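Presented sequentially are two complexes of chain A, the first with chain B as partner and the second with chain C.
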Partner chain A sequence: MLRRTVQWVLLGLLILGLVVAPHILDRYTIFLLYLLWLYIGLAQGWNLLAGYAGLISLGVAAFFGIGAYTAAMTVIHLKYHFLLGSLLGGVLAMAFAAIVAVPIFRFSGIYFAIGTLVLSEALRIFMISWKFTGSADGLALPIEKSPSFVWFYYLMLGVAAGATALVVLILRTKLGMGLRAIGNNEKSAQNMGVNTFRTKLYIFLISAFITGVVGGIHATQMGSIEPYSIFNAMWTLSTANTVIIGGIGTVAGPILGSIFVIFLGELLADYHTFHLAITGVLLILIIRFIPAGIWGELRETRPFRRLAGRTNR
Partner chain B sequence: MSSLHESRNGALLELDHITRRFGAVTAVNDVSLSIEEGQTMGVMGPNGSGKTTLLNLIMGVYPLDEGEVRFAGARISGLRTDEVSRGGIGRTYQIPQPFLKMTVLENLVVGDLYGGNHRSLKRARQRATAILDRVGLGNRTETEARKLGLLDLKRLELARVLSLRPRLLLLDEIAAGLVESEVAELRSLILELKASGQTMLVIEHILSFIFSVSDRIAVLNFGQKVVEGAPGEIAKNPMVHEIYLGTEKSGGDAARMAEKASGPQEGEAEPLLVLKGVNSGYGEFQVLFDVSLHIPKGEIVALIGVNGAGKTTLIRTITRQLPLRSGEVFFKGESIGGVRPFDVAGLGIAQCIEGRKLFPELTVEENLEIGAYCRRARQTRQTTIRDVFELFPALADRRWQIVSTLSGGEQQMVAIGRALMARPELIVFDELSLGLAPIIIDTLYEAIKKINGQGVTVLLVEQNVHRSLEVADRAYIIERGRIALSGTAEELVRNDHVKEAYFGI
Partner chain C sequence: MSFFTFSGGALNGLLLGGLYAITALGFSMIFGVMGLMNVVHGELLILGAYLCFFISRALGIDPFLATLFVAIILFAVGYLLQRSIFNPVMDRGVEPALLTAFGLSIIAQSLFLFYWTTNSRSINTSYSQTGLQVLGIHLPVMYLISFGLSLVLIAGVHAFMTRSFLGKAIRAATQDPVTAQVMGINVKRVYAFTYGLAAATAALGGALIGMTFSFVPSSGLSWLLKGFVIVVLGGMGSIVGTFAGALLLGVVEGVGGAVMGTGYRDLIGLVIVLLVLVARPTGLFGRAR
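The block that comes next holds the complex of A and B.
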């Protein structure tokens, strides 16, 4: 009972802290936190696919980019509110996922990864030359429509929390059981009556939606977008990096991984040349020595085992 | 007994002349079988006879080339595996395939939700718990499946399909690899299910097991149904004995026996390979128990036993692919316990692995050349290759051909040739005759005699008892990881225990 109360109090304090934070902290720190929420959102979406269903996607940038461009185009041309634009971004990313699902699910393992990478690279090249979306120059969003920076902080915080909640929720349903079954052993899942194509499709759509919404909000926050950076494979790699460091196939992993990566980036900000090298070495060390990631390792230890519980959080 | 009328109304599963080919091999050939509600049908047959393929065809893992599968009167061939499973057929795998990183309970929850088309996780958990209690896993519900031992994994495999509430259970070698007491335990579980009216199709290599649980038994050989009948009839059927013990080569028996009687006597030749009190296995799972044997120089020694008896494990232990738990292995009088696996070939031990394991995209000649990689064989490579082509003239014509395009028999010749390329003093053949036609087996056995005639010691590992006893000087019978019997080939040919080891009669 007491334990429960303490937990609720701690959670309350955390929420209060997160709400108050942008009013106390300096603009740069708020921006870092905004980036943290952004990575948590992407990481949760990717982890759903890679961590639970075992589908390693290298196409994060594709769905992120579709979300970003959809939001920008609807704000510019249709004069929609950027929130609606970002939601539409998620929907369009989902629609794109639905179209490519049939061919891409014919691949598995490394071929699925390469297939999704090709998809996002193809899209980048296409966007560079498509006049309708401003080709290589990209798009600039009307500044007067942009809300204050603090609002983006809250919005992305909401997306990160929402994505995390969604993952927890899915894991508690039949869909989540089927998803984990596929990630464990696809052949065996079929043998146990799981329609693996449909289950993977649902997860692929959900993951694409989350990624698209994050892309839409980020586009609006930046004010201008161009295909080189928006469809950059960097989004994909950072996301995967974050999840693997934090703990693939766990709910807390993407969060811890994002905190770790952002904090590390900040720590090494003055040594720009070493930043990537050190991150790379760390990744190799983590894969070599704690392949389950930070949380994957921690939850096996005594104080955290209860917290992780049985639903693979 | 089964009139047309009865089989039409009573049959839950009907296989109607089903055929499936893989390339040139017809894995399942025009098989018809029907299982009535409440019946337990046993399916037996040697390794490679098409038993597991039959299950895969029922489950829709592969499409049929010909024929039809009907379940409860409706055609199910053409459905996906998950549709068949939800339709009421639950299948276990020979090697358990649990969701390793999920708990025991969660493994069943998946089956309950999807197989039974339920939504509530809470009620699924309750039902799953009940099944786990029934199979004796009630205290392991929250354990991750990957942490289970073999018996518990087998129990889980059974519990998982039960969570689907299947009308028909397909059990693929549920008792394989277990020790006697565990087999008995699983048998009583199966008998309980049977008593509760569960319809089952049981594939099993442990024949006493299949005889005791089945109402009827069908015997497969080379993909065809050879005979079907009550267990008592099958156990006495001479055709079944022939399939399991192998056919004797026409006419040559007496002559060979006489020839062998003048051969080396026990203890005369110096031992080339000696095993002393070897214990070995995989992880927690011990396969070999205190195995001792010796292979005299220049002889052919046969190692005989049913599937799962530990034959291949013994070879892996000799060739250092599996670590020794205890005991010693001596080759030419020296302990080879510390030799690294890739140095074994250099000592003069070559093996012709079960399933051949050739390099499929390389040519015949390239495959042979790789065999001569070790230093002792490298210089003489060109002469050895000529010897191999002399032994198998069919290969000489096909030296530039890609190996995967050869027939099964020719591939086996390449595998033998590759082992010979290492210029071994001891050559190990593992399941040489598996899945091959009798006429090709004749050719291969002739080759073995020639190889032995050139002074190479041979260890022959076989399911095919008669064949191997024909050529062998000496044999060891291995049963559940222990040497049950040994002696000269003549002694064993007349020994009834050999039959017992297979049929439990």
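The block that comes next holds the complex of A and C.
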């Protein structure tokens, strides 16, 4: 009982801290926190696919980019509010996922990974040439429409928290049960009556939606977008990296991973050119030596098991 | 559209397919032998291009001669990569190795960027920019050279795989690693050798890319994706299939580029691969693995 109370108090303090934070911190720190929420959002979406459904996607940039462009286009041409635009971005990313799901699920395991990479690269090439979306120059959003920066902080915080809550929720439903069964052994899950195609499809759609919304909000926050940076494979790498470092297939992993990655980025801010290279080295080392990631290792230690009040998971 | 644009596009595409085959061969071999989706293959090609560029300039020799040195260097790089980085994670399934390759590709790209900047480079020789006129169709000399080399290389690798002892060991390790191991084949070493060989073919591929087109540190990805398209079209891991897939991609791109404009050229192959996979998940010429 006491443990429960402590947990709720800690959670309450955390929420209070996060709400008050942008009013006492300087602009740069707020921006870092905004990036942290962005990473958590992307990481939760990716982890849902890779960590639970066992589908390693190398196409985060595709769904992120669709979200970003949809938001920008609707704000510019249809004069929508950017919130609606970002939501539409998520919906369109989801629709795109639904269209490509049939061919792309032909690729199981490793084929799925490179199939998604092909998708995002095909989209990038297409967007560089497509005049309708400003081709290589990209789009600029009307400045007078964009709200203050603190606003974006709260919005992305909401997305990160929402994505995390969504993952927790999904894991408790029948969909989540099927998902874990697939993660353990797809064939036996199928034999036990799990509709593996539908389960993976739903997860793919949800993951695409989260990624698209994050892309939409980020596009409005930046104020201008162009295809090279928006459809950059860097988004995919950072996301995968974040999840693997934090602990793939856990809810806390993406959060811890994001904190770690942002912190590392600050540490290496003076060595900008080597930042990505070091991230790559780190990724390889983690895969080799601590495949369970930071949280995967931490939660096995005694203090964490006591705090969590259970021994499994 | 005139008949000449069409047939010119097709013929040029067919010849360019030879170059594609060389760039994709190593990717196809590694996938066929050890089931590793080697996403760092594009960076191996670009590394080959850079090394060829600098060695041929520094020594004042023809790029093709420099390629011999580069091939030896890349063989060593590939052998060591497989031994020290890939082999230890390959027992844990395909995903860790894939993500490791992904990490390597990012490391390679940032190092290229740091040492060799974003400047676009190409390897120039007296013949690399010239062409022949055949029946009113312009054929770049590099396309002809690449096509000839691809015939030699594909035949050579095919003969090596079917005739030599090491080639037979590689095929044994491909079919059944456990049994091959029991029969006294050092599978890990065979893997390392295969990776080295694949990297050596990437040296030639990179040199041809550099002489025919231009390259920047991030050029690897588009060549990797071409390799993937070719392997899907030709069937996973088949060497002759790789050649057929490469020629097919070349022709389709050549015709598509002539019809739709060059901006969408790269897109065509990627779209086709998705369509093929809907109809035939194992590739056009492939059988189920």
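In the analysis below, the second predicted complex is superposed on the first by the 305 of 313 C-alpha atoms of A that agree within 3 Å, B and C clash if a C-alpha of one lies under 4 Å from a C-alpha of the other, contacts with A are read in each partner's own complex, and residues count from 1 in each chain.
FYI, a contact is a pair of C-beta atoms (placed from the backbone, for glycine too) under 8 Å apart; a residue touches a chain by one contact, two chains touch by 3 or more.
Quantities reported herein were computed from a predicted structural model and do not represent experimental measurements.
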Partner chain in contact with A:196 - chain B first, chain C second, else both or neither: first
First (chain B), second (chain C), both or neither touched by A:159: neither
First (chain B), second (chain C), both or neither touched by A:141: neither
First (chain B), second (chain C), both or neither touched by A:273: second
Partner chain in contact with A:298 - chain B first, chain C second, else both or neither: neither
Partner chain in contact with A:233 - chain B first, chain C second, else both or neither: second
Superposed model, chain A: greater residue contact from chain B or chain C: C
Partner chain(s) touched by A:48 [first = chain B, second = chain C, both, neither]: neither
Residues on chain A lying within both footprints (that of chain B and that of chain C): none
Of chain A, residues touching chain C in the complex: 56, 58, 100, 102-104, 106-107, 109-110, 113-115, 117-119, 121-122, 125-126, 128-129, 233, 237, 240, 244, 273-277, 279-281, 283-284, 287-288, 291
Chain A partner contacts - residues on chain B that touch it in the complex: 59, 80-83, 85-86, 91, 93, 97-103, 106, 109-111, 113-115, 118-119, 121, 142, 160, 163-164
Chain A partner contacts - residues on chain C that touch it in the complex: 35, 37, 39, 85, 88-89, 92, 94-96, 98-100, 102-107, 109-111, 113-114, 221-222, 225, 228-229, 263-264, 266-267, 270-271, 273-275, 277-278, 281
Chain A residues within the chain B interface of the complex: 172-174, 177-178, 180-181, 183-185, 187-196, 249, 310, 312
